[in-house]
Amino acid sequence: MSYQVRLEQFEGPLELLLHLIEKEKLDITRLSLSKVADQYLEYVGQESSITLSGLAQFLSIATRLILLKSRALLPLLSFTEEEEESIVDLEHQLREYQRFREQAKKLGERLQAGRGSVVRESFLGTSVVFYPPPQLTALHLRGAFVSVLGEIPVYEKLEEEELSDIITLEEKILHLQNTLSERMETSFRAVTESVESRVEVIVAFLALLELVKQRFVHVKQDEFFGDIHIHRRSA
Amino acid sequence: MPTPSILSQIEAILFVSGEPLSLARLSKILELPRKEVETALTGLKEHLSNDSDSGLFLIQNADSVELATKGEHAHLIEALTKSTLQENLSRAALEVLSIIAYRAPVTRSHIESIRGVNCSFTLRNLLLRGLVERSGNPEDAREYVYAPSFLFLERLGVGSVKALPDFESLSQDERLHLVTEETEKNT
Amino acid sequence: MPTPSILSQIEAILFVSGEPLSLARLSKILELPRKEVETALTGLKEHLSNDSDSGLFLIQNADSVELATKGEHAHLIEALTKSTLQENLSRAALEVLSIIAYRAPVTRSHIESIRGVNCSFTLRNLLLRGLVERSGNPEDAREYVYAPSFLFLERLGVGSVKALPDFESLSQDERLHLVTEETEKNT
């Protein structure tokens, strides 16, 4: 590997993508995106520490990059309106993110610059006057406390659980390889039969592409949206 | 931007301080000889009283100075205090008050981690209205703990927080554990 | 002594209040129409910033104002209160904070669509530090909208979000620009 970057440095896919583009000193255009697509996929493929929810975000961008790359390879391929829009969106999103990332740096410097203002403590020197809101009852307090309890974010626990449930591309590749070494032949539908989320299907698909690239398998699809037959290549 | 004058520096310091400051302390903070501070104070005093657009003036007493509002604004200050007191409790204030009631005695950081929002303004308002009281935290000298005031509980018709509706279950609600753990992790 | 102006009245009220006051409350306390209060506020803002002998200035955020020390006195205030006015924030927090500052009021999903990652932890952290505020979204009851707080403006020493660098360009979604340009071209 010519350029070693651990993905943990990147909080999200846009950050990674922007890093790759800027590293090549490119502007944010379609062409640049298709140029860095391989590197992007490579990093995502290597990285084993992406959480399930994080992976979905990385993969949603990966699919658009694959789209752009396939277009570069097959000029005749035309995009559907939806695909076209998703590419325009990505360029726009990257530009917006780039602007805010620049601004965030400046903001950080200003917050460190030691030019802050201070306000005065309210009603300094005013003595305490007992002034209860006339209509307030104990039941109002109870109601307010119940609504506070309802706002406590339970999701934080959930995300922690997700952390332990990482599916990586690497695992999927291994899983596919194992399946294939047991049976010489399988199909994409069979591989994804037991998966529970769309993300896993996408991971499985990327894993399959990787195996094709490594010349471990070849694939055949008889019709659009038909099942994909996977054959192990004889060594 | 013009260089800040000593007058403006003194005004800023007195504004924040809130209590009378001695000339010695001012001269130390400004890193200026006492004589110069005295001259600047005279300047600031004149500047403020001559400026009809300024609502503030300097009170000098023996060796100390303090910034205050001009006497002719007393009725406005009274109107402000009254309107602050009579204002209905905001939703935020009611929530903070309920946390203090059901979790007393409770620190500010604990209140904030339960609500997930900073609440320094709200707390000051509740203190000013005499609805809550604060005292030193026996477990940590750097922090205060807050509790509903005796007068307020009396007004609610309860002798102690334990008599609040569903006190037993609500004050120990298990969702509170989620944030308590979080607070401990962060400190 | 000259008669105190409305400017001086406002300064006195804000001095005592300490916390931000809404235009509505100011107009109620002063018993003046809102329009007049607004004009006087603009006057006071200019008066204070142009007066190099004044250590104070006005911070305006949404519909409220507060009186604060000018940023150039930060080191003196730090010497007085023996505390730091600096904020150390992670890169993620700074990014979320800038999106909120330039695009307020903004929903969490909008922030996340710009950054491409989940921001709930970072948002919670900024709320706890009091640098941003959240309120109900008038357009969708299930979602909050986020805006910069007074504390944020204080820490930067700026009078309003409009005084932030590149506010004009960054507060606009680039794509909205394109649309307007195209419409202009077409007409």
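Chains: A, B and C, in written order; residue numbering restarts at 1 for each.
The rule we apply is simple: contacts are C-beta pairs under 8 Å (C-beta built on N, C-alpha and C of every residue); 3 or more make two chains touch, one makes a residue touch a chain.
Note that the coordinates shown come from a computational prediction; the quantities given were computed from them, not determined experimentally.
When the interfaces A-B and A-C are ranked by C-beta pairs in contact, the top one is A-C. Legend note: the chain whose CA centroid lies nearest the centroid of all displayed protein CA atoms is C. Comparing the CA-atom centres of all chains against that of subunit C, the greatest distance is found for A.
The mean-CA centres of subunit B and subunit C are about 21 angstrom from one another, to the nearest whole unit. Between subunit A and subunit B the centroid-to-centroid distance comes to 44 Å (mean Cα coordinates, whole Å). Subunit A and subunit C have Cα centroids lying 32 Å from one another.
Residue positions of subunit B touching 2 or more other chains, listed in rising order: 15-16, 81, 84, 116, 121, 124. Chain contacts: subunit A has residues 118, 120-124, 126, 153, 156 touching two or more partner chains. Every residue of subunit A that touches subunit B in the complex is listed here, in rising order: 118, 120-126, 128-133, 136-149, 151-154, 156-157.
Interface of subunit C with subunit B (complex): residues 1-5, 7-13, 15-17, 19, 25, 28-30, 43-44, 47, 51-56, 67, 69-70, 72-73, 76-77, 79-81, 124, 127-130, 133-134, 149, 151. On the side of subunit A, the complex with subunit C involves touching residues 11-15, 53-54, 57, 61, 92-93, 95-97, 99-101, 103-108, 110-112, 114-124, 126, 153, 155-156.
Remark: subunit B residues 15-16, 18-19, 81, 84-86, 88-89, 91, 94-95, 97-99, 101-102, 114-116, 121, 124-125, 127-131, 149, 151-152, 155-158, 164-166, 170, 173, 175-176, 178-179, 182 touch subunit A in the complex.
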